[in-house]
Amino acid sequence: MDGVHDLGGVNGFGAVELESNEPVFHEDWEPIGYALIFVGAADLNAFTIDELRHAIERMEPRHYLTSTYYERIVTGVAALFVEKGYVTHEELERRAGGRFPLARPVTPGEPAREPSISFAPGETVQVRKDHFRGHSRMPKYVRGKRGVVLHQAPRFPYASAAGHGIEAKHEPTYHVKFDAKDLWSDAAENSTVVVDLWESYLEKV
Amino acid sequence: MDGVHDLGGVNGFGAVELESNEPVFHEDWEPIGYALIFVGAADLNAFTIDELRHAIERMEPRHYLTSTYYERIVTGVAALFVEKGYVTHEELERRAGGRFPLARPVTPGEPAREPSISFAPGETVQVRKDHFRGHSRMPKYVRGKRGVVLHQAPRFPYASAAGHGIEAKHEPTYHVKFDAKDLWSDAAENSTVVVDLWESYLEKV
Amino acid sequence: MSDHHEPQVPLASRAARAKALRAALDEKNLIPKDYIENFAHVAENDWKPQNGAHVVAKAWTDPAFRERLLKDATSACAELGYHGPQGEYMAALVDTPTLHHVIVCTLCSCTAWPILGLPPDWYKSFEYRSRVVRESRSLLREMGLDLPESVEIRVVDTTAETRFLVLPVRPAGTEGWSEEKLASLISKNVLIGVALPQVPATA
Amino acid sequence: MSDHHEPQVPLASRAARAKALRAALDEKNLIPKDYIENFAHVAENDWKPQNGAHVVAKAWTDPAFRERLLKDATSACAELGYHGPQGEYMAALVDTPTLHHVIVCTLCSCTAWPILGLPPDWYKSFEYRSRVVRESRSLLREMGLDLPESVEIRVVDTTAETRFLVLPVRPAGTEGWSEEKLASLISKNVLIGVALPQVPATA
């Protein structure tokens, strides 16, 4: 999904503000969303972490970009509890005493590629060129780009399926190194970017 | 500039809301920004329309995406009147009685390519692949893509220079047709997109 | 700008900001008398889709005008008295039974003011700007225009200095109509290309 | 959502929304007793950069551990008692005099919780997420880390399930230091790669 959450390389943002002696949480409600991820994903088996990421990406773009991090977590978790039928949107708004924006509708997921194609460390690979509107862990800045595999990581459920709650084949992910200049002609000198990509996002060169 | 204003093809936005019997202006302050463009660009020669577009693109991304259209016009015009020394930011905030966000700083402009390369109707051309952080009227969705010239329009000042207030060579723009599927694999069937591109944004194939 | 460093001073309202800018420039005598009121008057009264409708109706009924419009829309519109800012170089997009044009400006919201009028809110919306180039067919359907798959949808992105109007196919059942009656079929949305001229059933 | 159709009902505050969700699930007995308080306690006390500092200091002083860390960081960290959510598969990024690693998650804000702790606000900011992949060198300089041009900056984007920590080069002047004293040089920012271990001038 080419959404506003896919921020790598977007121009226009200003300085990064460091905070000294930063607390783990700044406000008392902030742990709620994180803890409820575990209630939903581990205790109730109501959704996966991939679905949570996707729910956050499905936030209305203006809401996404003006929300705080923990607000996005609460929004994503709440959206899933509503979509899975545990609570209603009306109840949430009544209890909150105001609007409680959730996420836009889910679109179909994408099963992993069959048959699988494996890649070896040192091999040059190309990231898929095509577009998929659902959940994806392939940042758009590498779409169609070539890089070199540094490492093969263990198998994990394919994100573009898992993010939609459909059956997700487990497949390896690869740490793929790109020259930053191949991604952006004005990128930093002597800089590389490593992206961790599921097998189905990659093609043989 | 790969900014949030470059919206073509971004996923996540919802329904387009049509308003019947829509007035030209909805609020009494809305004509102010538009009228002041002409004061600044035509009467005072303080800035160009290209600089105005660039000033709007230089708005902080969160502000851009949460502002209304006429708010962006006022913001861009105000930013230029401040940058050109006609008024101060402090005066604007004092008069407004609150924060009056303007635009982030200008970066260097880009002169038109020399020597120029001309293109003929029917010719296949390729859009430049490189990245430029300043003002650009080349939407990122055509970067590196190939299309066919439909028409050559008259010469206009090269936007990536004019947007920065530097000397801008006049060069033709071309109406270039792209197959929508070449831009996005999931694009509508039987759909094309025509983009109007300055000569310096195009290369021979 | 991090999550826990929100600015303390409240944002001035949009109206307050616009009026502050006006007042600051006014005090320095930079705004000619009645400039803004005059601009608003022109925008509300002179730049209007009836102008574009006139152009279309004339092109439907006057083959020589149609030829001049296709060759040089700027001077053809000027013949009818339509010219001005954001109309310095205009072009007509000629629909056929198998080709439909629709106009957008993905980067801002450029429009041919003298013949279309200022753009409507929906045209300036992020929804329209982001979606129409990629999902033209389904978006137009959502907006009420369901075109057959056999019709090519050509989205024209107003990214440089050409300003466009759509010249739709003259609808069947309008044979013998006057230019004025034909013009009544053409709205701003038709000139942008998100609607087609509709002949009333009772016509 | 157009410019002139703003919702009428006001947005509930972030805190009110979070608490409403909690209350709604609580009433249905879906949240085990003390679950959220226990989670906060673990996040504030057990997941901390001191864990990662311990891992780094041990790798600097114990060649066999270093070898195990490079081969299988997950089990090497588990040896020291560090494991848990967002630490299911971990990898160490080994800096050298000519290679510096820095971690980001451009798509959300994934981090190796058990050894780094929850990510700081700056790491989650849109500023960091958008800029570090494209302008690593100048952004790190803005953040106080000015690396020579001869050092390759390798930005690692946490886009799948691997969670990373940076293993910096052991600084000169720390010969003979205890593991504990070495660990005191390693902050969360060092483990992410936006700072280098600094040996105090008075050490």
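Should a chain be cited, it is by its letter among A, B, C and D, assigned in written order, with residues numbered from 1 in that chain.
To be clear about the criterion, a contact is a pair of C-beta atoms (placed from the backbone, for glycine too) under 8 Å apart; a residue touches a chain by one contact, two chains touch by 3 or more.
Predicted model, so just to flag it, every value in this text is computed and none were measured.
Of the two chain pairs considered here, A-C and A-D, the higher C-beta contact count falls to A-D. The geometric centre of chain A is 30 Å away from that of chain B, both derived from CA atoms.
Taking each chain's centre as the average of its CA atoms, chain A and chain C sit 38 Å apart. Chain centres here are Cα averages; for chain C and chain D they lie 50 Å apart. Chain A and chain D have Cα centroids lying 17 Å from one another. Each of residues 1-4, 121-122, 124-127 in chain C touches at least two other chains. In chain B, the residues touching two or more other chains are 9-14, 17, 19, 26-27, 57, 60-62, 65, 68-70, 184, 186-187.
The touch graph of these protein chains is complete, with an edge between every pair of chains.
Of all residues in chain D, those touching chain B in their complex are 1-5, 126.
The part of chain C that touches chain B in the complex is made up of residues 1, 7, 9-25, 28, 30-32, 35-36, 39-40, 43-44, 85, 89, 91, 106-109, 117-118, 120-122, 124-131, 133-139, 142-143, 149-162, 189.
Chain contact summary for the complex, chain B toward chain C: residues 5-19, 22, 24-36, 38-39, 43-44, 53, 56-57, 60, 62, 65, 68-71, 74-75, 77-78, 81, 86-87, 91-93, 95-101, 137-139, 141, 151, 153-154, 156, 159, 173, 175, 177, 180, 183-184, 186-198. Of all the residues in chain B, the ones that touch chain A in their complex are 1-4, 9-14, 57-58, 60-62, 64-66, 104, 129-133, 184-187. By the touch criterion stated above, chain B contacts chain D in their complex at residues 14, 17, 19, 26-27, 61-62, 68-70.
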